[in-house]
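Below, each structure is written out as structure tokens.
Next come two complexes, and both contain subunit A; in the first it sits with subunit B, in the second with subunit C.
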Partner chain A sequence: MHLLVQSIIVGVLTGGVYALMATGQTLIFGVMRVINVAQGAMVILAAYLSSSLFSSFGIDPFLSILITAPILFVLGFTIHATFLRRLRPEQNELSLLIMFAVALGIEGVLGLAYSTTYRSIQTGYVNRSFTVAGYHVALVRLLAFGLSAVILVGLFLLLNRSRFGRSVRATVQNPTSARLLGVEPTRVAAIGFGLGAATAAAAGAVYGLVYPFNGGSHYDLISRLLSIVMLGGLGSLGGSVIAALVMGVAESVVAANVSPIWSSFTFFAVLLAVLVFRPRGLFGVAQRGAL
Partner chain B sequence: MTVVRRAGLALLLTAAVLVGFVGVTHWIMNIFIFTVMYAGLATGWNLVGGFAGYTSLGHAAFFGIGAYAMDVTFEHHSIGAGYVPFAILPFIGIGVAALSIPLGWIAMRTRAATFAIVTITLLFVVQTLAFNLKSITHGSQGMGITPPPFALHTYERPFYVAMLAMLVLALLITWYVQRSKLGLALAAIRDDEDKAHGVGVHVTAVKLIAFSTSVAIASMIGAVWAYYVLFIYPQFAVDPLISIGIVLMVFLGGKGTLWGPALGALIVVPAQQYFAYELGASKLYLIAYAGLFLVIMLFLPQGIIPSLASWADRNRHRRARTLSGGQLVSPPLHELLP
Partner chain C sequence: MGALLSLDGVVAGYNQGLVLKGVNLSVDASEVTCLIGPNGAGKSTVLKTVSGLLKPISGTVCFDSEDITSLSTHERLRRGIVHVPQDRSLFPAMTVWDNVLMGAHIVRDHAAIRSRLATVVEMFPIVERRRQAHAGSLSGGEQKIVEIARTMMLDPKLILLDEPSIGLDPRSRRLVFDTIRELTKAGRTVLLVEQNARSGLAVAQHGAILEGGVVKLEGTGLSLLDDPLVAQLYLGAVAPTTSVASRATGVLPSPNSISALKEPQ
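And now, the complex of A and B:
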């Protein structure tokens, strides 16, 4: 019982980080109908940037997000402007393949710049933890969860309370009508893409603190993130957050109570169940030809 | 098929077989084998990716299953004079086809980009299984097969012929599908699956036939590959780069055409091997590959053969208009359709 509760605590905290990554991906899917398979690669890129900033300049990984987020925003914006702008929404397989190539390119650049040995960000507090009612809570994971929560709330406010958010939602719902009302879908999509990439910056700093990584780690993330967004329903922000928490907990419970080597399988098992019983995900909207 | 065409094909096949018998260095022969291997994989992928329009990124999973099936079978059995492993290829193909039916049934409940996601995930599932099922696959240690006792200077020949046989099989199946009702049904599914269903196409059955045939070819090629490289391990046998390479070649040559995928392989694989040779298996190679991919996706998403065909059509059309003195000649079909 103690083990179970402990693993649920770890799972929820991990789920928060997954939620951050998956939200960026969902945002990008929402504005562009692009399945960003490079989201994992962007997270790893950001992890490397934070790690370099820490080892070279002593900048705390949490603070380094203020530097890496704008870099990733520009990267996302540029990828959109260079490769995706001219694609039509129905070409979403082509955009998926393009993003796959981008992911390979990022992996290649990272391998060249940093070699392929695993590294992790070792700050002074990285191994600190405290005990609440007999349960261990790692400080880093708690901070990561808190950061994710803050960013998610910020994104939610941005999308629901600001003019930009309204244009995003309008573009998601009906690009043609949005254009008639004076919204520029291309610009909205470019900024949305940039924002999605910027969330990867935050996720990357946190990922680097919690897990060791190398250039190839993005493959681990791709399948996990894709399973999460499928479970939540493609394009549903709330869905992806809930799905991330569910997956985080499921993974951690299996890792602690069954075996760590099978923990990544929980993602696939859940994905399988989703595909069989509810292909559009928990909160997805059924669209003709979309699934 | 005209006599000229038939003669041309016979000539091409003879040339392709003879290539395996000219005395070239092992390194060149290695390039030939990989070119024909990818040509076969791409032609097989085209059945489901090109004709049905279902972009699978999971073919490397079945390639890997075939590879492991080969090594697991011959871990405890003798390979005899070295030709026994080739004889079990059909059984691997049939086995994997059977296995792929439930998997395909689940995956093909989704469409377009979602299908691509599900098939990538399938690839990672198989890779994780290869890592974790240590009693069968020996996990990350990898597993090997006894080297065959072939004469050194013609060592590659049997592998080349086997790969070529797989390519010819894939081309024959494609040729048959193109001319049959199955091909029409697949085209209908690619254009509008719901309508196809509405007019009475058995969409699920048709999709599953295409998928299982396609991945069975991939698995048999994987089996030959495992025998050729002698030693496999999870990241090597179930490699996302194989899937993405196949897709790249098909897009370059032309989706949904008979010769396009093989043509794409003929262009990409030697370039790929050259990059790998010049740049080493380093990360520069990965960057060059990604760059090539982006260029093709952005500038030639239609592929070489369809682009050439529409160019030739336009020319013929223009000439026809001049010949008929400006009178209306019916334009080619693809210009009438949106």
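And now, the complex of A and C:
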């Protein structure tokens, strides 16, 4: 029983970080109908950036997000402006290939700039932990969870309470109508893409603190993220957060109580089960594309 | 009073070919002008060239004595032209209130937004009554009213309405047409496209018939309603005064024969 609760705690904390990554991807899918298979690569890129900022300048990974987030925002904005904006609606499938090429490009650049050996960000506090009611909580994971929660709430408020957020949701729900009201859909899409990429900056810093990584780590990451956003019902922010928590817990419980070998398989087992019984993910049509 | 909007020799189309082949049309201020014509005639396309969704290949669109042919949708909104398209245009997963606020997307003046909201709520009580409802949960008729209400957030001069009564029950349809009348009383100008030609012409001071990519016939709403040929060709079924001659022969005059009777001025 103790082991189960302990693994659920770890799962929830990990799920929070997954939620952050999946949210960026959901946002990008919402504004562009693009499945961003480069989201994992962007997270790893950000992990390297935070790692370098720490080793070269001693900047704390959490603080480094203030530098890496604008960089990734510009990267996302540029990818949109250079490749995606030109696509006509009927060429939308091409976007998958483009984003795959972007992922490979990032992986290649990371391979050139850094060696392929695994690294991790070793701050003074990475191994610190404390005990609550007999349960063990790692400090970085708790901080990571807290950061994710803060960013998610901020994103939610931005989308639901601000003028820009309204125009994003409007573009997602009815692009022509949004245009008729003076929204510039390509601009909204570019900014949405940039924001989605910027969340990868935060996720990357946290990822680098918790897991060892190298340039190829994004394959593993993206397969998890795709399972999560499918489970959440593509395009639903709330859905992707809940799906991320479900997957995080499932993975952790299996790893601790069955075997770590089966933990990544858990993702696909849960996904398959959901797709068989609820083919549109947890949050069916009503939520799809509504953001 | 001069024309608020005038189209002069507008030629426009899509990849597949030309749809408008030289449309001349003028819309007078504070009036309802109703454009009718068969399916596929290009009525919606005319509205798109006015709101800027589609750029004409040639010809000019003038609004308020200014050539707006090359202006963007956004710039035309600023000049007071709003377009309510034929398909449902509310954002279904947003609340009614947020939908209405979206109508003022380009307006930065908060005081203006507040005072227009007050006007909209007064003119369209449904906006207040269902403010927290998701727009997608309203009936088709309610959605249409909210779409029209939303245009008022821009304090528009010209409202383009594309088949607002389509798919509505008689009561909602009446409500929509009453609303259109209200709009002109409040000094707005309306360019209305209506499949429901009889009701459309009845609220209109001015009517025009689009066919084959050109305006075939223009006149006052009443004169078109009373025209026996128009009645037979475009209003369907029984006209107020049915042409005895064509009934006797059982042959409908071809649409082209209209132009022999009346040329647009």
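The rule is short, and it goes like this: the second predicted complex is superposed on the first by the 282 of 291 C-alpha atoms of A that agree within 3 Å, B and C clash if a C-alpha of one lies under 4 Å from a C-alpha of the other, contacts with A are read in each partner's own complex, and residues count from 1 in each chain.
Just so we're on the same page, a residue touches a chain if its C-beta (ideal position, glycine included) is under 8 Å from a C-beta of that chain, and two chains touch if they have at least 3 such contacts.
These numbers were taken from a predicted model, which means no experiment stands behind them.
Contact with subunit C, but none with subunit B, is seen for A:Gly182 once the two complexes are overlaid on the shared chain.
A count of residues in subunit A touched by subunit B and by subunit C gives the higher number to B.
Legend: residue contacts after superposition of the two complexes on their common chain; A:Tyr211 is shown touching neither subunit B nor subunit C. Legend: residue contacts after superposition of the two complexes on their common chain; A:Phe156 is shown touching neither subunit B nor subunit C.
Applying the stated contact rule after C-alpha superposition, one finds that A:Leu226 touches subunit B and leaves subunit C untouched. Contact with subunit C, but none with subunit B, is seen for A:Ser167 once the two complexes are overlaid on the shared chain. In the superposition on chain A, A:Gly111 makes contact with subunit B only, while subunit C stays out of contact range. Look at A:Ser264: by the touch rule set out above, it reaches subunit B but stays clear of subunit C.
When the two structures are aligned on the shared chain, A:Val102 is found in touch with subunit B, with no touch to subunit C.
Common to the subunit B and subunit C interfaces on subunit A are residues 290-291. The touching residues of subunit A, counted against subunit C in their complex, run 163, 166-167, 169-170, 173-174, 176-184, 287, 290-291.
Put simply, subunit A touches subunit B in their complex at residues 33, 35, 37, 83, 91-98, 100-102, 104-105, 107-112, 116, 215, 219, 222-223, 226-227, 230, 234, 261-262, 264-265, 268, 271-272, 275-276, 279, 288-291.
Note for the complex: subunit B touches subunit A at residues 55, 57, 106-107, 109-114, 116-118, 120-121, 124-125, 128, 131-132, 192-194, 240-241, 244, 247, 251, 282-287, 289-291, 293-294, 297-298, 301. Subunit C makes touch with subunit A in their complex at residues 51, 53, 73-74, 77-78, 82-83, 85, 87, 89-94, 98, 101-103, 105-106, 150.
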